[in-house]
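Below are two complexes that have chain A in common, paired first with chain B and then with chain C.
Let's turn to the complex of A and B:
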């Protein structure tokens, strides 16, 4: 076995995409708190007897419920970019109000609870008006309300605690709030969980939640995009006050205590829980799940430290150190995640290309460089930006995509007038007309779309079946590239890579792995299904006139293959050209029954060699700045003509690279060959004197126009 | 600077309120204007003022130090405890000094290098410092000035020329603070960092070492305040860590016009804020208002000052800083 064989087997056996793909998942943000909780449970679970027994968990669940309720409120506020320190006092206030109303005033619970919640909402409203509408600083303002409400509670206690505290409370519902359990879980815990789910749904799925996150993410952008920032901020404080009051209600029922220490310092505990979970102060980043984790961590630490019977002062010491450690890890993680991801995401593998054919000027191969394309007549010069594919309709009008998300139409006969045909939103790449004259297009980042003759845009497909055990969600389409339509209407389209989006498409070349696929969209039932997975940047697709097979080009594989989707050879793939001298792009039919193939770039010995050295490319991706990487040469390209036997008949180049240095597509139409290039500012066309001067691909596909 | 001179700044508003409060109390409260009361007024708030000066150093540089009270209490209590076991003053003071510096360095490193938000880092440090002190350094919460050092108490409570020593200390700290902030290059750096850390960084301010230095300074000012407190009342009770004292310090600083977003205010702001709080506390105490009532009034005044500031100098939705809480 040679060294190359060893390298090949090593990369075949050990997939190296896993780490990068896991790191790219959004839930990885929760990894730090989850890990921390696990470690704490393991450590304290061994050190503290009975920590994890059911009885203790049942007791803890009440505290967890109360903390979680307050944590949810604080999460909402922090997500919107604020902070609410008054929750500790609101908690105490609600406790007092509850005991006073039920025990002393003898009001029924159905009246007392809403009043208690209202008292919290009212404090929240004051905070909200001050911070939201008057735009005071949240930290100070809520600090002040913390002190004011605390003072209010203290003075009330001072004057009335004897009368209030002495009254006994006999209420079944009161006891149920305090000691009722459902499957061993306290009512407060279950309420908190239900509310957590609700808040999660609001934050992630509903408009008010999106407004909150938008305001927290960028107050200015939210303001400029029309969100009522002040009202949104105000309402977050109302929510926080209400939730803190609800926690106070449960606390009142549980302990029936009017102690002056009720809720003192609780705001710090809750803030700790929220920040520990990974919700960042300053807004925009966080989630309910994070808060749940944070609350669990804080409760476990508190409860364990209490039961160690340590000397006075050691539990604040431990708490402080654990907090600092956790936040430090979280902060570093958030900061460096992107860097780690950038370094680990590129996962090259071994790939060996066949020998490079000679394409130099004067070479004896059909690829020898010439200057045919230099004479191309420019169309839309300076008006176009990235015409990847070009197509002409029955009236000879020219269509092409542009980088700003439009399909442009250039009007026949002189093509000087350009109009936006439709706006789609993503950059349209491949274009094809179907039997009904609809323009079907592959849109990068969006999927397969169709434009009706009345300019109505219809989404055909943006997802396919997800591969079993895939880490990144490959059911969504990242880079739909080119398509062609079978006689029965099925659309076969290529997705160049599932690991990179359009702006990073060249990085896929460094991997040398089959990251792309060909998908079949069936208009009869609207389903999409992957037919050919693991292709090396599949790009051009072109139906063979037999109606049973299509040709497809793999850009980084430098190959053209033929796939039979019907007929006796159904499911088989045959390589047509295995050793192109460059990187193929679109394939289209020529009038004489052969095929045109665009070449976006040329192979170089250096890059071919690096494809056999995955370790080298990996080190390069990790250690060198991106603009210094070895990339394939995409500065020169051209067009070749080949037949189904794989014989290359002709090649057209722009030897000096003045007008068409690289070509991504070409379309033969009535004796002209139209050329598109994704980096070009024009479409070019050259005369084909020997071609059938009336041939159009329309009539070749769908018969003569009626 | 010329622009802000012509404007109604928060410091001016607060000064106005202070004068108003002073006038009101002079009318309402008999004996308020007596020399004895005025000096008592100043003496009571001078420690708060010194601490606020330290706090101002970190707030101007866009930080905050919630561990100040813990640092003050534990370092001075440790010094007293050492002195009680017979250690020399130099020895004990050296310990306290090193402890303060260590706290400042740790705070600074956590904030500048680990990049933990200052509010959170110093909050957790406050808890940890108190815990550390109670576990490793101190046998009890209350530590007394040794008997043979009671002359310190005599000096601290003296009033040469009618001005209490503590007020002189406050004046000295504020004067030094002013000289440092306005005169020293590092002081200007602190303003630059508070105004725009990124801009300061690319203009060549050594941001990270400066942040460490800023918290060390704050911690040292806390030590000074702690020494004065120990001398004045002859004890140091570490229970003060759990109280809302640190909020009072922030209140004084912010009242005077030291913006929490950094880069605003100076020693003058601290003096103005201290005066107002001093007048209010003293007046309310003489009117026999309860502790909680005083808290409410104090808080409402702060709220009023903040509201007026926000109405007079509204924050611009287009330029306000993200994550500015």
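Let's turn to the complex of A and C:
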């Protein structure tokens, strides 16, 4: 067994795509807090007896509930890019208001609770007006509110604590708030959980939540897209104040205490919980789940430190240090995650190509490079941007896609007039006319679309069956590439790769893995399903006239294969050409019953060698700037003609790459061969003097036009 | 132990010797198109070195040409082996051959046993020669680079005495400047200029591989024959890839610096070099480049002449100051060019 065999097996057995794909998931931001919680539970669970027993958890659930309520409020504020330090004071205020109203004034709970909440909302509104509308600094403003409200509470306590505290409270609902349990869980905890779900839904699914995230992500952009930034900011503080007051209500019921220490320093605890969960202080990034995790961590730490009987002050000290760490990790994570992802996403594997056929000028093979295409007559020079595929209709008008998301029509006979035919949005790649004269197209990033003759755009398919255990969601189509239509109307189309979008498609070459697939869309029931998975950048597709099979080209695999979708050989794949000297793209029919194959570039020995050394390519992707990575040589391209036996009959090249360095498609039409190129600014055409001068692809597929 | 650890840490973090970063071309080295716009003096295939004695000589392949004032080239002498370097003084001409040096004066011809002479210079009666490598010929410079060769030397050859080494262990010394303060050598693979006998380089971190040095008015001309690039720096650190590449692939198709723009589709392409809209980008990463640098008397760059990735006058191997004009040998451009000398 050679070293190459070892490398091949290592990459076959251990998929190295996993790390990059997991890192590209949004939920990966939760990994740090989850890990931290697990470690803490393991450590303190062993050190502190009874920490994880049911009774203790029941006790904790009250604290957790109150913290979580305040944490939710603070999350909303922080997500919008602000900060609210006044939550601790609001908490104390609500506590005082509640006890005063119920105990001293004797108001019923149904009146007292709304008034207590209103007091919190009022403080929040003051914050909101100052920060949101008058645009004061959030930190200083809420710091001032913290002090003012605290002073208010203290002075009220000083004057009235005797009278208020002396009044007894007899209310079943009051006791239920304090001590009632459902399945061992306190009322405050359950309320908090219910509100957490509600806030999560609002933040992720509803318009106000999106506004909050947008404002936090970028005030300027949010303003420009018509969001009322000031109102949104103001309302986040109102929400925060109300939720803090609700926590105060539960606290009042639980302890009935008028101590001057109520809620002192609580803002730091809650802020620690929120930041520890991974909600970014910069705004725009965070979630309720993160806050729940953060609260759990803080409560576990607090509770455990209490049980250690440490000297007073050590618990806030520990929390302070943890807050510092959390902020540091948050900053580093946000800064470096993208970098790590960039470095780890490219996951090359072992791939060995067959020996390189000689295509040098003057070589004895049919591939010998020449300059036939250098003299191609340019069409739409400078007016086109990325004509990947070209097609002509019955009136000889020329259609092609463009990078700005249009299908363009160039009018016969001289093709000097270019008009946008339809705007689709993504870059149209493969094009084909169906029996009814509809233009079916593969649109990068969108899927399979159809344009009716009246220019109506119809989506045919943008989803297929998801592969079991796939990490990235491969049910969506990232890079639908080329298509052809079977006689019964089924559309077979290729998705070049599921790991890269159009702007990164060349990077897929570095991986050497079968990242692409061929999908069948059935118009009879509108369904799509993957028929050939794990192909190496499947690209061109062309129906064989037998109506039972099609040819497809795998670009990075440098081969052309034939797949039988019907008939006696149904489900079988045969390789037609196994060792091309370059990278094939689209396939189309020629008038003499053979096939044209576009070549987007040429194999180079240096890149072929690197395909057999995946570690080399991985390190290159990590260490070298992207524009200096070695790629297939895409500066020389051409067209070759082959038949179903795999015999290559002719080749036409642009040896110096002056006008058609990459040929991605070609279409024969009435004695001309039209050439497209995904990086080109023109379509080229050359005369085919020996071809049938009346042959068109449409009539070959669907019969003579009526 | 510490050195071993440092190597490991460096290679993990991509720093120190493992860094693939390349100094940018800015300041005095900011890109321009002066070489592309330079006057064409003579079109000869792969010129290698220029020397001036009683006449002006240009080496190309196995031939040394005499360059007339109007740009005429007449073959001066044809050799059995390729000419690798030239130096002239009065009627004396030193001609480097792959494995020795020929010293021509009138009809006498002396053979000096210095292998791989990459550059020659007269210092009074004495000939100074750089030996690029102990086991590669000058034509095998790519091999020496990929082997990370450092078997070069500098020889002093006084008339009538055997060659005496002035320095050894150099990484492809490729240019000589005789100064009042000593001999300055261009060391290609370490991209720097060193003064013999001094520990610190006098010019380091060049963005390309330096070749010949030649005197200018109150300064020097430094030819840079190929650019450095991140990819090549990376390949140099990938020893297994290097070894296999040298064993399996023709040198023209290596991932390595080159003297000329790509001539064949078999040469590797870096992603940024892709032609879009029928246009080759001048700023594209490239394995070949044209760069001539004017240094002041203290060997600090003050001006430069470029042919960028979309140009053709690449692989500058030698220059010769003629007063108001400077002759430049572009190996990859198959041309002798003339640029304006010291601008007023």
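Operating definition for what follows: the second predicted complex is superposed on the first by the 694 of 706 C-alpha atoms of A that agree within 3 Å, B and C clash if a C-alpha of one lies under 4 Å from a C-alpha of the other, contacts with A are read in each partner's own complex, and residues count from 1 in each chain.
We take it that a contact is a pair of C-beta atoms (placed from the backbone, for glycine too) under 8 Å apart; a residue touches a chain by one contact, two chains touch by 3 or more.
These numbers were taken from a predicted model, which means no experiment stands behind them.
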Fit or clash for chain B plus chain C once both are placed on chain A? fit
Touch count on chain A, higher of chain B and chain C: B
Determine how wide the angle is at the CA centre of chain A between the CA centres of chain C and chain B, giving a multiple of 10 degrees. 80
Who does A:680 touch here: chain B (first), chain C (second), both, or neither? second
Touch check for A:321: first (chain B), second (chain C), both, or neither? first
Could you look at A:606 and tell me whether it touches chain B, chain C, both or neither (first, second, both, neither)? second
Is A:566 contacted by the first partner chain B, the second partner chain C, both or neither? neither
Given the touch rule stated above, what does A:138 touch, chain B (first), chain C (second), both, or neither? first
Minimum Cα separation, chain B versus chain C, post-superposition (Å)? 16
Find the residues of chain A that appear in the contact set with chain B and again in the contact set with chain C. none
Chain A contact footprint on chain B (complex, rising order): 110, 114-117, 119-121, 123-135, 242, 244, 247, 250, 254, 260-261, 290, 292-293, 295-296, 298-300, 302-303, 306-307, 310-311, 314-315, 317-318, 320, 322-325
Interfacial residue positions of chain C with respect to chain A in the complex: 14, 20, 229-231, 234, 238, 240-241, 244-245, 248-250, 253-255, 262, 264-278, 284-285
Quick one: which bits of chain A touch chain C in the complex? Just the residue numbers, please. 359-360, 369, 385, 506, 582, 601-602, 604-607, 609-610, 613, 616, 619-620, 622-636, 655, 657-659, 661-662, 679-682
Given the complex with chain B, which residues does chain A contribute to the contact? 81-83, 130, 134-141, 143-145, 147-148, 150-152, 154-155, 158, 218-220, 223, 229, 265, 268, 271-272, 275, 281-283, 311-321, 323-324, 327-328, 331-332, 335
